[in-house]
Amino acid sequence: MTDTKKRSTTKIVAISAAVLAAGAAGAAAANAAAPAAADRPAAKADAADRNLTRDTHLTIAAAVKAAQASLDAAAKEGQKVSVAVVDRNGNTLVTLRGDGAGPQSYASAEKKAFTAVSWNAPTSALMGRLSQTPNLKDIPGTLFLPGGAPVQAKGAPVAAVGVAGAPSGDLDEKFAQAGVAALNG
Amino acid sequence: MTDTKKRSTTKIVAISAAVLAAGAAGAAAANAAAPAAADRPAAKADAADRNLTRDTHLTIAAAVKAAQASLDAAAKEGQKVSVAVVDRNGNTLVTLRGDGAGPQSYASAEKKAFTAVSWNAPTSALMGRLSQTPNLKDIPGTLFLPGGAPVQAKGAPVAAVGVAGAPSGDLDEKFAQAGVAALNG
Amino acid sequence: MTDTKKRSTTKIVAISAAVLAAGAAGAAAANAAAPAAADRPAAKADAADRNLTRDTHLTIAAAVKAAQASLDAAAKEGQKVSVAVVDRNGNTLVTLRGDGAGPQSYASAEKKAFTAVSWNAPTSALMGRLSQTPNLKDIPGTLFLPGGAPVQAKGAPVAAVGVAGAPSGDLDEKFAQAGVAALNG
Amino acid sequence: MTDTKKRSTTKIVAISAAVLAAGAAGAAAANAAAPAAADRPAAKADAADRNLTRDTHLTIAAAVKAAQASLDAAAKEGQKVSVAVVDRNGNTLVTLRGDGAGPQSYASAEKKAFTAVSWNAPTSALMGRLSQTPNLKDIPGTLFLPGGAPVQAKGAPVAAVGVAGAPSGDLDEKFAQAGVAALNG
Amino acid sequence: MTDTKKRSTTKIVAISAAVLAAGAAGAAAANAAAPAAADRPAAKADAADRNLTRDTHLTIAAAVKAAQASLDAAAKEGQKVSVAVVDRNGNTLVTLRGDGAGPQSYASAEKKAFTAVSWNAPTSALMGRLSQTPNLKDIPGTLFLPGGAPVQAKGAPVAAVGVAGAPSGDLDEKFAQAGVAALNG
Amino acid sequence: MTDTKKRSTTKIVAISAAVLAAGAAGAAAANAAAPAAADRPAAKADAADRNLTRDTHLTIAAAVKAAQASLDAAAKEGQKVSVAVVDRNGNTLVTLRGDGAGPQSYASAEKKAFTAVSWNAPTSALMGRLSQTPNLKDIPGTLFLPGGAPVQAKGAPVAAVGVAGAPSGDLDEKFAQAGVAALNG
Amino acid sequence: MTDTKKRSTTKIVAISAAVLAAGAAGAAAANAAAPAAADRPAAKADAADRNLTRDTHLTIAAAVKAAQASLDAAAKEGQKVSVAVVDRNGNTLVTLRGDGAGPQSYASAEKKAFTAVSWNAPTSALMGRLSQTPNLKDIPGTLFLPGGAPVQAKGAPVAAVGVAGAPSGDLDEKFAQAGVAALNG
Amino acid sequence: MTDTKKRSTTKIVAISAAVLAAGAAGAAAANAAAPAAADRPAAKADAADRNLTRDTHLTIAAAVKAAQASLDAAAKEGQKVSVAVVDRNGNTLVTLRGDGAGPQSYASAEKKAFTAVSWNAPTSALMGRLSQTPNLKDIPGTLFLPGGAPVQAKGAPVAAVGVAGAPSGDLDEKFAQAGVAALNG
């Protein structure tokens, strides 16, 4: 990454409401971020690249691919499951409520993925930590059941796949790992 | 950014629970992502860089700087406010409940920032859109009152500052803009 | 559909806890509906088909296809959106958080789909009803903004696609309709 | 079921907002799914039966019958309980707050039914699974106390009855089973 | 009922934990109010009837009758609705999710009933009050749409029936009134 | 009170919206149950006393007396607590956040009272039941810590007092019992 | 206020877990802030008075007095209301659910008080501001209906009284003002 | 502190809506407590100092200083954490979501701080209390994991710092203590 070059082009801009309001009226942009206007010389904003950092995320295409791979792996064994992919910020990227999956599976899948990405480990492995620190499971958003598997980039967690609904947690996690594996190679 | 090089080093890894559990035990890591183990030859994961994307974020240092600048700007005028900085994913980075600020100001600041970063515009400008599309304000997490200002990088929203508690929304937004301005130059 | 035959084979079964507990122990089924045991002569349950009704739903495969089609339609026009598919029971089947979509788009897409499936009409059409009955928009789970489109079977709603994040609601709804269209032909 | 025939009659329809808006105006339908208009030749939608699946549900009449039977069974023994019937999608079909039942009984009954339908087993039987997998009880919506009993069709769960408020869980479950039994024979 | 006598026999009792714990152990009462122990001489509680008041409520049998009457009235006209009965304390007594009713109808019915019992008037009548006091509709739990009808005893509200899901609010309220009417005569 | 007479005068009335709307306009009643109009001959409602039941409740004056007595008992021992009184329907009648009481005490007091009134026993006694049925504590609204004490009339629970914030649960419950005792004699 | 003196006696103390754990064990303090141990020489904490500020609050005795005065004022006019007192931090100090008050009144009273203390004005006065800034009412916790009145000390808001349930907001606010007046003179 | 003098100057004022409304109009104060008008002779409010009490709080400047010190301490050891400061009323003063901290850390930090300030002890010490009173951890808002540390003034809790995200709770608490220590000396 060539920081020098980026520094000269990345800018953080403070826009005055007056300018923006005019722009918004012109663009008639109803419910989304308006495309940046061509130039805004009045703002005179200077970039300060030192204020910025860059994070690695899964593309939505990859997240769908992983989720579908998990669902397919379950279907191949005749299991009815729900699947979720959650990113490192804890936001859900994809959910799939599988045909015939129990109603408890949807939220479970999401929470397993949240748990796996939080600690960068499969939830089956994380359950062992509860013998020493049982209250970990009181942290909001978590669920310590097998079925969550982290997606990593250079060893760091970028997302996780969660699966729920199979007759055993081992199966759930096997399907979650199938989802992660679909992103390799 | 030299994609070629990054591609060869970034890897998405599917870790088997067995391996991880062992690693976790060794590290005695109680409640956080364990640092990656030195090597994990068993995993044989291949990176698939095409599955990844990179986003620009504010550092926490920058977010604190912006929030503090907003609070200082308000204090200079004798106003009691709360301040929030929310990132482009909608997650709150910083909150500051100012001395003597009304109890309604804390949640208001957070929602103003969420609104500004969602549409990449100051909330004062966004209020004009309601005359055409009044139901925008029913979207969860939003608040269409002046006092939210986006932080941009290359014109794209990366975060927003929200301020609430001053006797007028114009003042709130002036202070929010002061926070954004602290990130420039 | 041959009701006569189905009536003679469908049965509602009251299972005693004792029987089930034994079965559960044998199956070691940790977290899902155990496959039915081979035979349970003790239960002697008689079916009462008159107590049952059958509903038509989208398969998860179809829901994914629709959601992906909406996302693709948006991408083709360079728009960053989130997509949701909600079934007639109000349960979410699929969510996709598009790359770079604003943080407000995820919940918006879900609520637009919920609204469209509730009234079996595109949300753009439903907005007109608010002029006569403005409080419709206070019903929990609804959002009266363009971008929701129902999926129908024989004219009855079976699901809906919701899209949010484009610069205008008209675009959102165009993409939602593209998702619905992917299920035809 | 004759798929060939149904395929030719079931259609998924993408309706353009313009058409629908006109239809809605004509129907003056204030807050519900408008009955399908007689014909909409402009839509040209083709059905795609492969996108559809059919689920078996309890009728509301059957759900009321089961709930009332549970309440009656409790009354016969002088017990004050609340009763709930939840369907396989996790949505509540019926609730009855019995005369004099404790305030905790209403939510308990609903959660017991949710739990029973999720795992297709009486909640008394499910409690045994917690000795191996204690965190199952952290799944949202569940309650692992006796008093939930599944309603099945061909062995698959279609709903469940939950009862709470009696002096013992065994009584609660006996009454829940009485509700299920009312649907047989 | 001879009130004079009741006054002399009604007692408010402060039970010491020690006594109760013993009693509870003896009764093995798992999850409900244990029947009062035969005598508790140690407590020496004196009744203070002046601390008590009596309220009139619907029986659950009556609430079911009303809800069923509403559902039947809707079915007679081919309408698919959900029904709720809420008591004067704001607690829900009965809910019925009608076959094929839209997913928005369940919560709507409950809120309409809550609104009607709060102001002791049909919700259609209450909507007129919004022209003078529009913010009434911001009160938690309320929904100002036709379809809620109060049940009265001596003119005071004791409960309300709420209906939602028909194509117009007028129909919803007609069915709600049918439920109330079932409790007369 | 002569019940015989009441039976002949108590009526459940179905009011048509048209009549009520007119009445409401006349009364200009903005946000409460309007006093019953003098006579409404058009309604022709017949009472059906069999649909009604009567419950015993604490007056608000009594609830305040009990709560204050608990607070005073704590103050006498130099303890800082919060107090709540919850009625048999689970609705909170009174809350008092004592000077200097910890922030956790407010919700705790309310939940302890809810728990005590639900099972008609002091929460200290109820804790013993958890050894046999640990999942009782997963019921929404409950808290199994000493400090909740039921208020009874003829042995039946009509309300409960909850106290939290003292250095031990035994103290909390002593103060709760002082509140209950204030209603006797 | 003599800052010099206070500085020498007020101390902020960082306690090591080891020391505290021992202290806690000694005090057997189960669920509250343990009284400070006599001396903790090991901590060597230095006070930093500049880090502290002091706020004025209502005593709980005063809050009860105000709430009761509001309830009495309503009773004198035959009105059934609920009352709440909220402090400047937005935390509820007292709630009173009046005999026969509508179920909507409890939450309304609390929100009116929250609103009045947030803007240091009666809610009737605040409603006028909505004509210019209608979205103020979207701020979480607020309710813009008459019936909230601030309690002030030296002109600054320290709490507010909220009343709801009377047939008009003017009455509600009259009773709220009666509560505030009880704290004067 | 000279109480005599303060008593003569502090006043609690009941303001009539009419007066305030006029004042508000004059001040055009849109969304905050208006600065007190110069004099309001009409109100004739008498102070009642006996109704008031004063609490000690952290300034926002101090809270930021503590939070930043915790974050810095973590950074020095290469740990990625989130930090929260909560005051004695349970309200959050500051939150900082550290760069790269896991998504579970934000809520965890807040709850740890809440727990520490509630019982005036480090959360590591409080965990020991659970062996005797395990249900303490069911109190809303609490989290019994190491990483919360109280800030005291004269031994009383005024706030607490919570840290989460490090690989062990011991590290989290070490960083929290660093934040507290920054307020001393």
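Residue numbering begins at 1 within each chain, and the chains themselves are lettered A, B, C, D, E, F, G and H in the order written.
Keep this in mind: a contact is a pair of C-beta atoms (placed from the backbone, for glycine too) under 8 Å apart; a residue touches a chain by one contact, two chains touch by 3 or more.
Predicted model, so just to flag it, every value in this text is computed and none were measured.
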Message: Touching both subunit A and subunit G, which chains are there?
response: B, H
Query: What's the call on subunit F versus subunit H, same or different interface residues, using the half cut on shared numbers?
result: different
Field: Chain pair showing more contacts of the two, D-E and A-H
entry: D-E
Message: Measuring centre to centre with CA averages, how many angstrom lie between subunit F and subunit G?
response: 22
- line: So, in whole Å, the Cα centroid of subunit D is separated from that of subunit G by 43
Task: Send over the residues of subunit D in touch with two or more other chains.
output: 29-34, 53, 59, 89-91, 99, 102-103, 105, 108, 118-120, 133, 136, 139, 145, 157, 169
Statement: A full list of chain pairs that touch reads A-B, A-C, A-D, A-H, B-C, B-G, B-H, C-D, C-E, D-E, D-F, E-F, E-G, F-G, F-H, G-H
- prompt: Taking the complex as given, what residues does subunit A use to touch subunit D?
  reply: 99, 102-105, 107-108, 111, 127, 130, 137, 143-145, 169
Message: Help me check something: in the complex, which residues belonging to subunit B touch subunit C?
response: 53, 88-91, 114-115, 117-120, 133, 135-136, 138-142, 157
- request: Within their complex, state which residues of subunit A touch subunit B.
  value: 1-2, 6, 9-17, 20-21, 23-25, 28-34, 36, 45-48, 50-59, 61-62, 65, 87, 89-91, 118-122, 124-126, 128-129, 132-133, 136, 146, 149-158, 173, 177, 180-181, 183-185
- request: State the interface residues of subunit E toward subunit D in the complex, per the touch definition above.
  value: 27-35, 59-60, 63-64, 68, 71, 79-80, 91-99, 102-103, 105-106, 145, 164-170, 172
